[in-house]
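Common to both upcoming complexes is subunit A, partnered first by subunit B, then by subunit C.
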Partner chain A sequence: MPRRRYKSSIIERRKEVLTGLENLGVRIYEQLDRGYFPSIEMPSRSTENIYYDPQVRQFILGDKRVRRSARNIRHIRPFTQLVWTAFFSHELASQRKTSTLRDVYYSAQAYEMSFKDQQESNNIITDLETVLGSSREDFNIFPEERSAIFGDLTIEYTVPDYEGRTLNLTSHPDGVMIGPALTSSEFVKTTADKVIAIEKGGLFTRFIEENVHKKFNAILVLTAGQAPRATRHFVRRLNRELNLPVYIFTDGDPWGMHIAMVMISGSANAAHLRELATPDAKWSGVWATDIVNYKLPTDPLDEVDVKRLYELQKDPRYKDPLWQREIKMFLKIRRKAEQEAFSRYGLTYIVDKYLPAKLEETK
Partner chain B sequence: MPRRRYKSSIIERRKEVLTGLENLGVRIYEQLDRGYFPSIEMPSRSTENIYYDPQVRQFILGDKRVRRSARNIRHIRPFTQLVWTAFFSHELASQRKTSTLRDVYYSAQAYEMSFKDQQESNNIITDLETVLGSSREDFNIFPEERSAIFGDLTIEYTVPDYEGRTLNLTSHPDGVMIGPALTSSEFVKTTADKVIAIEKGGLFTRFIEENVHKKFNAILVLTAGQAPRATRHFVRRLNRELNLPVYIFTDGDPWGMHIAMVMISGSANAAHLRELATPDAKWSGVWATDIVNYKLPTDPLDEVDVKRLYELQKDPRYKDPLWQREIKMFLKIRRKAEQEAFSRYGLTYIVDKYLPAKLEETK
Partner chain C sequence: MVQTTFEEISAADFFYRNRDIAGFTNPSRAIFAAVRELVENSLDAAESLKMPPDIYVRLSFEGEAGKESQIYRLRVEDNGIGVPPRHIPSAFGQVLFGSKYKLKQQRGTFGLGGKMAILYGQITTHQPACIISSTGASKAYMYKLMIDIQRNRPLILDRKVRINKEQWRGTIVEFCLEGDYFRAMPKILEYFKQTAMVNPYANLTFVDPKGRLYKFTSVTKEMPDPPKETLPHPYGVDVELLQRLIQVTPYKNMLEFLRHHFHRVGEITARKFLEFSNISPSKNPKKLSHGEIVRLMRMLKRFREFLPPDAGCLSPVGEELLRVGILKELKPEFVAVHQRKPSTYAGHPFIIEVGIAYGGEIPKKGSFLIYRFANRIPLLYDEASDVSVKVINSMNWRRYKVTPDMPIAVSVHICSTKVPYKTVGKEFIADRPEVKREVANGLREVARRLQRFLTRREHVDRERKRLGIFSKYLPKIAQFSAQLAGKEKQPDIKKLLRSVEKFAA
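On to the complex of A and B.
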């Protein structure tokens, strides 16, 4: 029996990214060799070039392209920064060291490459994502935030020192951190038949204590608020590589709704990337209609909640009847409820009653 | 050879807390039996009863006491709430279920116990901590926030389903989450001879990648900003039970300084508790003098930073010469620097040069 049961993507992806970075360098050298001013072309990320694609079910970039040329004096600075960032990313990826957005900003100073602030270096990193069509996590630039995972999934590390070692994700009952080592691991085996993503840490712990992973054959993912990009990518992999349906549980308010939506359909900011969204994932609750049906303790919506709901109502990602219905219900009842509100029926009600009902309803 | 090399504290502590809660109930019954209005006495937590104790090196409560009596009509509400909270905490602790502050607020509704908002229930939980002299984590009420740990320490779980199982904290190279299961574990064995606490996730990952745990025989702790109470308690245990010195590395600004100080000397809010501080821990950097000596890239202090420094200057916890000197230097240079600023000398400079120099300097 082969060690890995599932299609490997990590080693290939790592090669692709390195090749992409090297090709970028080769193209620049070739231009120089031919006596041209070197230039780099990429899709435009300006708002008029961002469209919602109902087929792909996420925001995508249109056909407009921009070109950074060393010939144009106003382009020389961002062009040079982009080339340096590609060089530095290649160093990181080939040495398999990870870094953060903040680190890249400071590292530039080691090369006398100047960024006026971190915003400028962040923008250039996004340019590089756009040029390569891969996200910065692929070239080892990771966010600070960490979320967690728990359940019967055995992974195999691909990072130095741990390469080839496996870990079962039930090994630590507080949950296993989703960091660079986990997100770059291969899937070996699982008995789970679904993924349940949860917004709040307290509920994640409750689910583990109540053996939700066993009772519902589930891999549990803690998003810890808005899921970090690395976590969204990892959930997509669970969905695509392991064919596991994904159910998302958030607070019952516009912000919880949007945590689910960004996991499902991505964000306009990441319209240049395809690997962060899980279009088949389901938002399973807490819905506005759940607040009514389960008579949950609530707080009133405040002004900013209401404003946000009106924005979401017009957002193309929210056009499906379910989302529209829930937005309308929030606006009608003018109340919101947190996941913990189910504790009014006892600590285990959410696991014993609500969870199975909603998994069935959103199947 | 006994399985555990170190003095066990967890099982005992769990018994003590349950006994404390039961004794509280017994005292109330006895008062009722004798025909008295029941009452509960505890140290006052009002500001005029909070003192800094240079001996204990933390804030403590003075001799003033307050009494909640069922006889006083204004006391009946908080008295009842306190008794219910003690009952509910006993349920949690004896069933070994964990909960959050938010959960307790909602759970009260299952018992028709009314709190007007979460602030009110949080206050009552702090009252219960004061009555018992143990922190809410001891009666299984945990915060949402999670931090992480990594290094050669083998722990033995005491939570249901995992009881008796061990885990080595190098098992996952993204770090092991510090949650209820970890903080209630016993220490089995370690080869480490120090603890290094780090404020930022990016640097924590860098330290793991660069094998700081091996090169410096260290257990690495990620505080993830201001360390959660459970993490502060765990660091104290590493210091007390394993006799490991603790070095804390934060950003070079008043907020980083204070992250270190709260781990060392606790906070005024927790003056009623002794188990959260590690008075022998050292703040090893980034100092204001490091900013100067290492010529780090900096940002200017803003108004709120300066205001904070003047506050800290008068704080009794900051009276030692080192802290006073660093506050003065911050005010003189009017600049601050982040941990990542060392990347200007290359990604591994902080590990190769800065870390060994500072460990030596603050030994």
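On to the complex of A and C.
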């Protein structure tokens, strides 16, 4: 009986990334060896080169390209940092070790390759992503923030020492952290037929306690605010590899709405990357119309909330009628509500009444 | 009834009562002023012979005086011209007696300085001063004297003559005075340092009351040409002076009168002037009426074709010596000096010399160090009132890429047959527009040179930094790309580094 039921992308991707890094090294080496100042070209990430592509349903970079040359006194430092970062990522990926953004910043010092600050090293990592077209998680660099997952999904580790071991994601009642080991694992089997992503930790825990995973046959994902890229990529895999529909529940305000949108359509910051967005995912609530229909306890919108809503209204990702309608409604009622607001109808109301209704509505 | 009594006081009495105006304000100021006046007399005495001055100054502790002051013995020895014996008592015992009342650039001008020091010593310690001097002839003379303040006459207490076999020439002045050396110490040391700066050919030795020895050694044998006595310049005359000249002149016509009594007036200029002012060349000056004299004075001031006073009567430090002096005492990284052409204020010739020094051992203070000199004397008090300081403060230094936080020392020297001091304390220069303009023009010139230096250095720095960046990063790029590409051998980057260097040159 074949253990792996699902088409895997992990091994493939790792190989691609390693060759990509090596090729970069060869390109630079050869330029130097022929007595030229090495240079690298990559798509420009400046705002005027970021477009929303309705086909791909995410932000993408346009045709504008920038050249980094070691000939240029202002480029040579970031150029060197880029080469070092590529070298370091290759070490990580080939030894199958992981590192956080912070680690990278400190590791550089061991090579006398100091970065001015964390921001500078983060920027160089983004450059490397742009050059290679793959995200930093692919070369084993992870941000600090972690989100969590819970539900009947069995995964198989590919990280050293755990290779081949499996884990069922219901095995810990707090959920399992979505870290490097998990995101690089293969999917073995699942009985779930949907994914429910939740913005806040409190509600995630409530859902587990209330057996939402069983009652709704769902894998629960805690985004913990704006979802980290690893989580977005993982949710996309759940959607693509396991064919599971994804439903997102956030607070009923422009910020919650945007958490859902970034998972669905990606962010401008990651326009140089693909495979982070889940275009088919649904924002299931809390909507402005829910606030009205369910008579939720609310707070008034702040000035920044309103300003944000006007911004989103013009954002190409929000052009769908549903989003436009909800933005208008927020602006009309001038109120917002948190997910916890349902507690006014009792602790289980959200699970018993609201959740099934909304899952149905956004199917 | 109030009775008003009238009395006459002597010059000595006047300065005794008003010693503040000569700089003898308090025990700390007084000890500074005493050292300064005697050192300046010694410098004058040596320079008038074109001898590099060799001056020895010693202050020794004699006893406590008050809460804040002590009694010190001051001794100053020099290798100067010496004082002829018959003048010794008056030169050191009679206020407003001196040899420097001529139109000639000298440090001394009032016939007062040395006596004020001795007078101050006398009134605070009631002891006589001792003067030993020889002009290098076969005898040396020693006088012990006090000043009769009410009569402004020297009181000779003792007189000795000794055979001067070794042909020693110079003067030794020694007396006791009350003072506060420890308060005055920074100013006194600063005074020596700055004196060494504008007199780099002088040897100065100072032994302080603690027995500490400070030596300022000459770094050159070169000396400025000694100043010459000069005639008054036509722009500087007043009615009083004209009348005095007319009284003494042996010349019987205006043409000869002008030619012989005025500086830079020759036959041609005199004729032109007489035509301009409509005065007959053959007119006898003694026949001029008071009205005509007043008119003559006005016309002299109005005539534009008199040449400016000749630098020959002035003795500036000179650009080379000023540079040497600044380098010796301030040890800067860069110095620019500039001597302005001679100019006049109210008919008195003067020359402004300026120097700007940058970096090296000059401290950063948040404002420039300012050194002011007049006839090669440092001016240390009342800086804020000085014309140079006003000019420096009103200049737009940013135009020259200069900011106050840079380590910069500005030196301004004015030399003149009559330095426009505001007070007899000789501490600061008055705000004469002509002087102001010359100082400003001089400073602009050296500021431009400093700017050129700074720009060049900035350029060199930038290139050096650029090269440093390339030679720091290129090897790393080579190393990491080789490892990344899995190559054993690193690419050769020597050629690239060389190309950057070539570009930099």
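Simple rule for what comes next: the second predicted complex is superposed on the first by the 363 of 363 C-alpha atoms of A that agree within 3 Å, B and C clash if a C-alpha of one lies under 4 Å from a C-alpha of the other, contacts with A are read in each partner's own complex, and residues count from 1 in each chain.
Heads up, the rule we're going with is that contacts are C-beta pairs under 8 Å (C-beta built on N, C-alpha and C of every residue); 3 or more make two chains touch, one makes a residue touch a chain.
For clarity, every value in this text was computed on a predicted model and none was experimentally measured.
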Looking at A:113 after the superposition, I want to know if it touches subunit B, subunit C, both of them or none. Which is it: first, second, both, neither? second
When the two structures are overlaid on chain A, which partner does A:276 contact: first (subunit B), second (subunit C), both, or neither? neither
Most subunit A residues touched (candidates subunit B, subunit C): B
Quick one: classify A:346 as touching subunit B (first), subunit C (second), both or neither. first
Where does A:33 make contact in the superposed view: on subunit B (first), on subunit C (second), on both, or on neither? second
With the two structures laid over each other on chain A, which partner does A:17 touch: subunit B (first), subunit C (second), both, or neither? neither
Does subunit B (first) or subunit C (second) touch A:97, or do both, or does neither? first
A:198 contacts which: subunit B (first), subunit C (second), both, neither? neither
Identify the partner contact of A:124: answer first if only subunit B is touched, second if only subunit C is, both if each is, neither if none is. neither
Quick check on the complex: what are the subunit A residues that touch subunit C? 21-22, 24-26, 28-29, 32-33, 35-38, 70, 73, 76-77, 79-80, 83-84, 86-87, 90, 111-113
Show me the residue ranges of subunit B that touch subunit A in the complex, using the header's touch definition. 97-100, 102-103, 105-107, 109-110, 142, 144-146, 148, 157, 159-162, 167, 171-182, 200-202, 205-206, 209, 211, 224, 297, 338, 340-347
Residues of subunit C defined as touching subunit A within the complex: 466, 469-470, 473-474, 476-478, 480-487, 491-493, 495-496
